[in-house]
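For reference, the structures are reproduced in the following blocks.
Both of the next two complexes hold chain A, though its partner changes from chain B to chain C.
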Partner chain A sequence: MSVPAAMPQRPRLQDRVRVLLHRLDPPLVVASACILAILFGGSLYNSSFLSPHYLLQQLQVASFLGIVATGAMLVILLGHIDLSVPWTLATGAMLATGLAGSTLGGIASIPIALAVGAAIGLVNGLGVTVLRIPSMIFTLGVNAVLQGLMVLYTGGSAPPSSAAPIVRWMSDGQLLPGIPNAILVWAAVGAFAAVLLRATPFGRTVYAIGNRERAAYLSGMKVRRVVCLSFVLAGSASALAGLLLTGYAGKAFQGMGDTYLLPAIAAVVLGGTSIVGGRGSYAGTIIGTILIVLLQSMLAVMQMPDAGRQIIYGAVIFAMLLLYGRGRSGQA
Partner chain B sequence: MSSAAASGDAAARPPLLELSDVVKRYGPVTALAHGSLRCEAGSIHAVMGENGAGKSTLIKIVSGVVAPTEGEMRLDGAPVRFRSPLDAQKRGIVCVFQELSLLPDLSVADNIGITAPPRRFGLIDRRAQVRQAERWLAEIGCDGIDPRERVRDLPLSRRQMVEIAKALRHRPRLLILDEATSALTADDVERVVVLLHRLRAEGMAILYISHRMHEIRKLADTCSVYANGRHVETFAHGTRSEAEIVRMMIGRELSQMFPPRPPRPIEAAAPVLEARALTWEDRLRGVSLSVAPGEIVGLGGLDGQGQREFLLALFGCLSGLGGEIRVDGTPASFRGPSEAMAEPARLALIPEDRKTEGLMQPMTVAENLSAATLRSWCRGPFLNNVHERRAVEEIVRRMQIKAVLDLPVSTLSGGNQQKVAIGKWLLAAPRVLLLCDPTRGIDVGTKQEIYRLLRELAAGGTAVLLHTTDYDELIGLCDRVAIFYAGRINRLLEGDAITEEAIIAAALDIGAERERAA
Partner chain C sequence: MNRAGLRLVLRHNALPLLAGVIFAAMFGLYLALQPNGIRTDVLVTASNKGVLLALIAAAQTLPVLTGGIDLSAGAIVVLCNCLASILVNGSGLQIALGVVGVLGGGLAAGVFNALAVVVGRLQPIIATLATSTMFYGVSLLLRPSPGGDVDDDFASRLTGAWYGIPVSLILLGAVLLLVWMPFRRSLTGRGIYAVGSAEASAYMSGVKVAPAKFAAYVGAGLLSGLAGLLLTLIAESAQASAIQAGDLTLNSIAAVVIGGTSLFGGVGGIVGSVLGAFILRTIGDLLFVLKASPLWQPLFQGLILLLAVSLGALPMLRIRNRLETYR
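== the complex of A and B ==
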């Protein structure tokens, strides 16, 4: 009241520093530093660790996880979780390879995979918003049902049809010389997600719901619609990743999604997204994905026995989350 | 009468419990400025006062929930300090709280025996526990309650009776009933009255907090009135008239902090929003009220008489609503806030709790301010930051919000947070503004700014519905005041009829009592 007119015009330096500090994301910095440390450590062990060929190969592997993590992040930002990832991924892949036919190199498999993923996501979304079942339970149930359906569909073995040519090209081909197309697909999905989260009312609503669903509702936001749509997008992302994976592996197979659920959640959380929702940037999810893939790869290259690999993998995730927790406690 | 006997004894031996000049502060806020109380054995002592008068704090101190900041408490004449409610309980002081302390998923018997269940070989003896519960339920005249039933399945009134049985099990010397009868049916109130009379005859001291004058009339031997955190007066029941009691409860100057009220137009404008006989569960029992452009209508009454639910109902937040809502005379039904805020009604609700309902605390001030109007800052599918920014800066200037726009709203003071919660709706240019206790817990300066703002909005043609627990606001700010009591509008006051006496009388349902008695 005392300084009515002059107040809002020019932000003071002190305020600008506070804003800068607020925007600076400690997890992003820590995770990036970790990536550099892994690369450095790896290069000491084996100089080919820094070769473009090796790095691009890692990025290609990361793109499958990255696409899954994109969907997972959207759902986690809302304060929910999608545990149906493994079989959404496998179902999308199996139905797409099974039903697409061979017209135009099997181009139909792309819309089929996206539609299957979207349909599964819609079921998840409706279960969470209309039936009001906690997402952790509901998506777990959907995952089990999908597994059963796919066992029925394939008769319990890998489906006989293999990936369509266009899917192989999407995953392994090179539109730009030297760069596998899967990386481009990830880049496109990532750009879409980043714009969606940062520059649309939808994205703002996602953050608002994750922060305080009741306040978002009382602000007139369409909470149910946004939650449903987020699950739909997450389902589509999982199915798309499954499709790319068939192109990479040659065909769809049982359990192809099993190794994606927990690493995707880990990537999102290591990237600084709050597991209870409302906070996190897409850049963080990219960094988190790369970190997870590099860590797994380096442990494999060092020919660590599997038991040791799991222990180190788990310990790194613990250590990083502890680090974040300290940086963040003041703001929570 | 036993009060006479008790006061006769008091000269001979010290009272059971005595508080002198007890003070309780929470940081800079003084919840109880001057608490004095004498509880005698074999006597029922009623404590009266409006919301925020310090009664609850007094009870919390007596029952060991909080420790006093200053002052002395003596039990049987010896100074005493309770470390916890359990400590107080061991010394014979047991409280039945207003909010139920029962565990809904355990059985009645489990709940009654919860702190010290009967044991056999170190394990809980279920059969003995049921027998014990039966005995205590019979004691309070509630043989009808099955001790094996889950508390969740009992109606509210019966649950409250279980709570009383649970308290009696500790064989208290001083029993405190804090609004314990507010949820009871008439039958159960009768049972409690009989029970309390018997307990008094057995020599128990009873501290009775209630807003219901007719119960106090039936029960109390001694009354103490509190106002503004201070003990005003203690007197033997029947020595003061109800009008005198009401005046004691006010005890406060009406300050010059409200903007002048414009003269009422001779011909009232057509109502923009009208509620007809709204009903919802047992919280709203036929509420009819209308509000016209340019007027501020206050919703008063004690806490929890349906004011809050009424506003939520208007905003489309309650499902299963009975009755009718009309906008410009046309029936309307809102399935949620997003419909209520749309044309033609353009409602806006400032919710009660800005921490959990009004704001997304970790998000920035700017994001919070634009949260209700995101669609209008879009170009195509994308948010237009420049456009959004300009609108946000404009509202910050207009409301003089002291804030850094890109920091979390949680960094602001309570008053500025409330301004953000209001400002985000002003961006939507509402036709009807619903406010739920917007000045609770904020400083006087900001309060005045909010009053001025509401008056300006009204002058600009907005219809304002203001629920407040502060009587001053009803008197100083509102053109009309609807006093809620038990889910209905008990009285509609207008113009000079809006006085503190009238408001308190209607809030306590005193006038109606008199009419019924006559």
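== the complex of A and C ==
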């Protein structure tokens, strides 16, 4: 019996579009549409809104937030949260500028910042895994302790030492002509995070823990180790962002991290990562970061008074949450 | 009451009792050390500052009991502070209307949060984060620059003493005895505990989940509004400050945890949170009396905060099966 050779059937266009639409993440689509809308609205208001110079400047500002958001996302995917971001960022920046010598343009400040961030992250991770204190309250306490330490270290004012030349170069220099280096640093951190989450056992474990910690533990995953390591990476990311920020602003200062905690969480959530963990892609975090930065920038460009700026900023985040940040019905 | 019953009551209220003992010891030490002796004005100042944080902690407790959180509590306090600095002055009737207006503002903010969480089905932590930005924006709209005008007479009467008892303390006592105690025994009040303890089971058992959650967030808004009013009467001015809003929120969460309420919901109560708030306030006063260098104070406060929340993890040591510690 001969089987008729199967005709190579071309999938109908309709089906292919449906598959494509199905694959697209609704949060990514909505957030991207919002970015385009902001760019369009901004260009109507001021034509320089679309100039490459302005856009690159925005990307540079976004890279600080983007690096913080990378760490925040890792922790949020686990179903935890890191509220020690503000003072981890400031501590990394202050210690790096204060302790690094001037050898090779102060190259020591980079490992110092990363190590400080990692150490803080390790404390957070141990508190969450060994003491089993809810991450929200433990990282809050760590944040308060760090603030106390830095007030003591700096005497309550901005530390006198300014950013090392190499840090300024990392943040503001241009390795590729026209592109500030901070963007390259963000790209490197982002690539690292994307590969880590998608292509390594570590990344799989992170998602598994976020979905159901017990199941992950019973499947033999090293739950404690992965949670600890995630907090370490998140701490390093915050401290790195602090270091870059000193390069951008010239020096470290009190409260430099205060404006990064909430936007970072907002960026992660607007990018489609579930705030209870287990779901989300790094591409979403990139888009969420750019959306937040552009939104802030446009409200500033339009010379909106601060009150209106805050209300619109909050309302936009709120509206986008209503669009796709909701719990599934029945899940209550 | 028989012995077993007494033991049960003690066990159910162990953490608030412990908080009460700690607070009594700390406040006793403070009174003994502070140089002015035990005078009414010393008590009034301590009470005003303590009651302010206690009201915000009480507000925070309600959503936390349902297993949620209200990160906008501090922002609502600041909002009502700005509102009160505009409304609470003039004739007696105007002041009364102003007070109603301020509390109405807190109530409205609470209803907004409740709608977001119950009807909008948003995660409380992120929803109240977004609303806190909006509330802060409205406060800036109401009061672009610090200042304000509050009726002096009214302010000094409510922040003063009545027969030697601080009026703010009487206010807090009234809230606890006349509002919280009856509410806790009501169907909705029990519903809040049930929802926080096991939402699905509560729903299956016929507990009205949505009204319980709604009441928690609205109650939080109202109590934050009351705190905002008290803040205005103490400071006699208002300032739309995001830093202050953040500080108040964080301290309220810390007070709730120190008072023995579980952040996972279902366990605890407002009485514990009030004591937690008093403990937090007394730490600051003690550091001042002990003449700790101002540079060391933030570190001490942070360490004590971290230590206090770590103590809450002690029951973990009793767990035999490690699996129980995972979600």
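Going forward, the second predicted complex is superposed on the first by the 301 of 332 C-alpha atoms of A that agree within 3 Å, B and C clash if a C-alpha of one lies under 4 Å from a C-alpha of the other, contacts with A are read in each partner's own complex, and residues count from 1 in each chain.
The rule is simple: contacts are C-beta pairs under 8 Å (C-beta built on N, C-alpha and C of every residue); 3 or more make two chains touch, one makes a residue touch a chain.
Note that this is a predicted model, so its numbers are computed, not measured.
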Partner chain in contact with A:279 - chain B first, chain C second, else both or neither: first
Touching partner for A:233 - first (chain B), second (chain C), both, neither: neither
Touched partner set for A:140, first chain B, second chain C, both or neither: second
First (chain B), second (chain C), both or neither touched by A:244: neither
First (chain B), second (chain C), both or neither touched by A:182: neither
Touched partner set for A:217, first chain B, second chain C, both or neither: both
Of chain C and chain B, partner touching more chain A residues: C
Chain B versus chain C as contact partner of A:166, first or second or both or neither: neither
First (chain B), second (chain C), both or neither touched by A:120: neither
Interface residues of chain A shared between complexes with chain B and chain C: 212, 214, 217-218, 332
Residues on chain A engaged by chain B in the complex (per definition of touch): 1, 4, 7-8, 11, 15, 18-19, 22-23, 195, 199-201, 204-205, 207-208, 211-212, 214-222, 278-279, 331-332
Contacting residues of chain B [partner chain A, same complex]: 315, 317, 336-338, 340-341, 349, 351, 356-363, 367, 370-372, 374-375, 378, 381-383, 393, 396-397, 400, 402, 404, 406-408, 424, 445, 449
Chain C to chain A touching residues, read off their complex: 69, 116, 120-123, 125-127, 129-134, 136-138, 140-141, 144, 199-200, 203, 209, 243, 246, 250, 253-254, 257, 263-264, 294-303, 305-306, 309-310, 312-313, 316, 322-323, 325-327
Contact set on chain A toward chain C in their complex: 79, 81, 127, 131-134, 136-138, 140-149, 151-152, 155-156, 212-214, 217-218, 223, 255, 258, 262, 265-266, 269, 275-276, 305-315, 317-318, 321-322, 325-327, 329, 332
